[in-house]
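Should a chain be cited, it is by its letter among A, B and C, assigned in written order, with residues numbered from 1 in that chain.
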Amino acid sequence: MNLSNSSISEINKLYKNKELKPSEVYEEVFNNAALSESIIHAHLKLFQEEGIAASKLSDARFAKGKQLSQLDGIPIAIKDNINLKNHETTCSSKMLSNYISPYDATVISKLRNSGVVFTGKTNLDEFAMGSSTENSAFGPTKNPWNPQHVPGGSSGGSAAVVSVGSALASLGSDTGGSIRQPASFCGVVGFKPTYGTVSRYGLVAFASSLDQIGPITNSVEDAKIIFNSIKGHDPLDSTSIADTSIEIPDDKTAKVGVIKELMEDGISDESKNEVEKTIKLLEDQGNKVVEVSLPLTKVALSIYYLIAPAECSANLSRFDGVRYGSREFGETSYQMMENTRAQGFGEEVKKRILLGTYALSAGYYDAYYGQALKARSLITKDFENIFKDVDYLISPTTPTPAFKFGEKTENPLEMYMSDLCTIPANLAGLPAISIPTGLSSENMPLSVQLMSPARTDSSLLKFSEKLENLISFDQRTSLLKEMK
Amino acid sequence: MKKDIDIKSVAKLAAINLSEDEEKKLEKDLNIILEHVEALSKMNIDDEEISIHPLGETLNLREDISSEFLTHDEAMSNSPETEDGHFVVPPSLD
Amino acid sequence: MNMIPTIGMETHVELNTNSKMFCNCPVVETEDPNISLCPTCLGLPGALPVPNLKAIESITMLALSANCSITNNGMFHRKNYFYPDLPKNYQISQFDLPVGVNGSLEIILDEGIETVEIERVHMEEDTGKSKHKGSGRIDSATSTLLDFNRSGVPLVEIVTKPVIKSSKEAVSYIEELRQLVIDLGISEGKLEKGNLRFDANISVAKEGDKELGVKVEIKNMNSLRSLEKAIDFEIKRQTKLIESNEEIIQETRHWDEDKEVTSSMRSKEGSADYRYFSDPDLPNMILTDEFINNIKKEIPTLPSDKRKKLIDTGLSMSESNHLGKSEVWIYDLYLDTQKLTNDCKTTYNLITGELQGQLRKAEIENLPEWVNSERLSEIITMINDNKISFTSGKEVLTNLIQNEINPTDFAESNNLIQENDFDEISKIVKDVFEANKEVVQRIKDGEEKLVGFLVGQVIKSSGGNINPSIAKDLLLKEL
């Protein structure tokens, strides 16, 4: 049995039956990391000693029959833009290469209290801005399915570690697809919950009104277990929502809408094909599938590339070399800040800060940022209307399977296009999940995305589990097998 | 609406000291993006109301209860330069 | 040609909450730097703001007291600018939807009551403190030391419309606002501690001009005295420029306390495009009518209401203004006592002058509970009924402060009651006339000031217990 690809509930059962110990599982995932890291570079930091210590404490709890939760002794990796006390939080930026966080993010406190063993911090596009991890200041992560391909981003490291088995699951953050797109590229499950369901306290903000933390896992069930452990209202996050979930009636069959605009130009045949295959599976089970139209999908990318940069331009102002982080010389404090920010930020981050600064500046606010907010509100209403008629929406997660390094670095729009299918859910704050469905002609994973109304996360996960059972995607990356 | 971006003044506002090469590259990229968002800025949606929270949630206020968080040493632990318990920076002008 | 100055005030009031505006860090008063900090007020990556209910209650109370309309559906904005004492390099503030708009505040001038229109009252967070090291002057500092204890302390900014016409009015406005925040209990209101900080926008225009002149902002005035001097200086400076047809530059100027001049400030690098946008970390803030009505109920009597009430008792404007600004117990004691005595002047003099003075002199902090309106009114009524002199009244009061006495009994047993019997006094007057015939003649010849001498003689021969005014009246009659 390959432990690192086993489900959390199976492993938990083995722990409880004393057939397996957390320290043994930790050892296996650590060995997987040791083998794979030199090729894929998914972890920025491995917490070896701490991991061993934590897993042994968990051993002791199971020995006494006192598990803290179903996640006790489960090794989980954390995207390096989430604060873990007394560890670096670099956001894959030179700016924070030596920054040690003095506090835990709320999700970390919750996982800590659940007995989770943290394996380490994972690589990302600098400050979560990117779709390939090529923007990491510490070098890109490689796709475990084929190291010539990108793992997606920005949570590329978090997706790759789950795919390769150097953690049983991971946390990522999703602003425009940063959990779902890399999950899709790496052949694992990625879930972005309803905005505000999981606390953002301790997540280094990229775009506050779009950011959401979520799990990347081997299965929908694992995603559900982690989601249930990290969700909940947090008084430290003013955007965190009350614990009121809405259930979609759990009848035998559901009505699923296919977003017409995400099955047109700009989406590869292979990606469309996966959706069509999945539709057939759903229909075979008696679910009703209809075509729906979301015309504003055409401007969703534009809305996103005004709102996200505008928010990030202010969110990243705090990185100035005054209180923490790197510092460059300057005669005056302002020059020091200017030089620090020039040296500390990479090109993509600068690009987005400048774009956002411009969109907010005098004379341009109404045409750009103000207009984007209004269009965002419209798209949210369009979703609400569509959901009056259908229970779930289906689309490809990504327009194409994982592309090769350097393929989309020339024109910024080409890279941005890879978030075409995922961005709408962030704009409307909806829950969305990526589920692997098959492989491309180049043997790279492909996925479909399911979305549902705000606050129906539990129903979406339940429905996704059903769908997952219909799909027989049990292929795993062969990277480790080859190495071993 | 669209005018070519004045990269120097925007960089000044954003406090990023760009090299000339960067200015050129970023100016080009930003103009490509601004070109792309042009269609959005022309949409006629002036009356649309907006809510800050994507789900339309409103603000909760907290009780005025104080509690200590970081010790002085923790607060200063990442500081590039300190003196007499202060963070130190090059002279700032008012 | 006449020049008309126009002044608008921007005042920051530091609230007296336990915790900061957007985090639980205690608001501290200490010289120890950087001891009250958390990820939020230090601007650490990943930290988020959660607003303080008490601060919102306080600002609502202030906005209501300043007759503002309250914004039901408001929000917070980010004001973006780079400065090392601003941890996030943006300040959470309010832009187009502040808590209060369109209010007014009554101020007291020698000429009477004037109304200052308030444009807006909004909530924001304070910055840290910078200390410039080097030769002591900002221009030649070698480094800047930063203390963030103040970072995130709740600040209310009150902006007037450009309606103030002189430095005196500006000072009076600040005094009124200061009294208001103290009476509301929302701020310590101490200027020397920086609880109240103000900037003035000043412009000067020729009389008859339809538009205001070019606006100049004056900063760094730390006292009412410097506010008055800075405004006067600036009005003179601008007037001279206009008279000599020179251009006035729209700028921010610094008040130099030592040289008593304003000087152009080296502007912060970068421009002043603050790129305000709604803070995505803070959803829309709904202040319901119920919330607002509950705050209304908690508003104590305001200075302007107090003044009105006091004037109604018969006090003059300046007496009312003075008493209105006194501590609440003095104000209440006056009103209670006045109700019993039905007199304002003696009651006012005895309570605001004598009672407060004697307590201070005797270093008594709390008024003894037996010094109540009943006993005080007894003393005042005895004075007003001419039973005792004001001087004797003071003596009774002194003893009342020391011991729980009955004022009337005390006056009687200490021989303080004045002789008011006309026949008795007439007899004494006649005796005095007999004994001082020469003086009487001189008075009749026109030396009127000698009347006082005769009054003295009358009082002297009566043993002191005679009402001087009755004595005088009788003397004059006889003459």
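Simple rule for what comes next: contacts are C-beta pairs under 8 Å (C-beta built on N, C-alpha and C of every residue); 3 or more make two chains touch, one makes a residue touch a chain.
Small disclaimer: the values here were computed from a predicted structure and weren't measured.
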A-C against B-C, pair bridged by the larger set of C-beta contacts: B-C
Chain ID, smallest distance between chain and overall C-alpha centroids: B
Centroid distance [mean C-alpha coordinates] between subunit B and subunit A, Å: 23
Distance between chain centroids, defined by C-alpha means - subunit A, subunit C (Å): 57
Whole-Å gap separating subunit B and subunit C, where each centre is the average of the chain's CA atoms: 41
Shared interface positions of subunit C, touching two or more other chains: 39, 42, 50-51, 80, 82-84, 89, 144, 146, 148, 268-270, 273, 275, 280, 282-283
Sequence positions of subunit B contacting 2 or more other chains: 13, 15, 51-53, 57, 59-60, 62, 69-70, 75, 87, 89-93
Residues of subunit A touching at least two other chains: 99, 102-103, 209, 235, 238-239, 313, 317, 320, 322-324, 332-335, 337, 357, 361
Subunit C residues within the subunit A interface of the complex: 39, 42-51, 78, 80, 82-84, 87-90, 144, 146, 148, 268-270, 273, 275-277, 280-283
Footprint of subunit C on subunit B - complex, ascending: 9, 12-13, 15, 51-53, 57-70, 72, 75-76, 83-94
For the subunit C and subunit B complex, residues of the former touching the latter: 17-19, 23-27, 32-39, 42, 50-56, 75, 80, 82-85, 89, 130-132, 134, 138-139, 141-148, 254, 265-266, 268-271, 273, 275, 278-280, 282-286
In the complex with subunit A, residue positions of subunit B that touch it: 1, 5, 7, 10-11, 13-19, 22, 25-26, 29-30, 32-34, 36-37, 39-41, 43, 45-46, 48-55, 57, 59-60, 62, 69-70, 74-75, 77-81, 87, 89-93
Parts of subunit A lying in touch with subunit C, wherever the complex brings them together: 81-83, 89, 91, 96, 99, 101-103, 105, 200-205, 207-209, 235-239, 310-311, 313-314, 317-320, 322-324, 332-335, 337, 357, 360-362, 365, 369
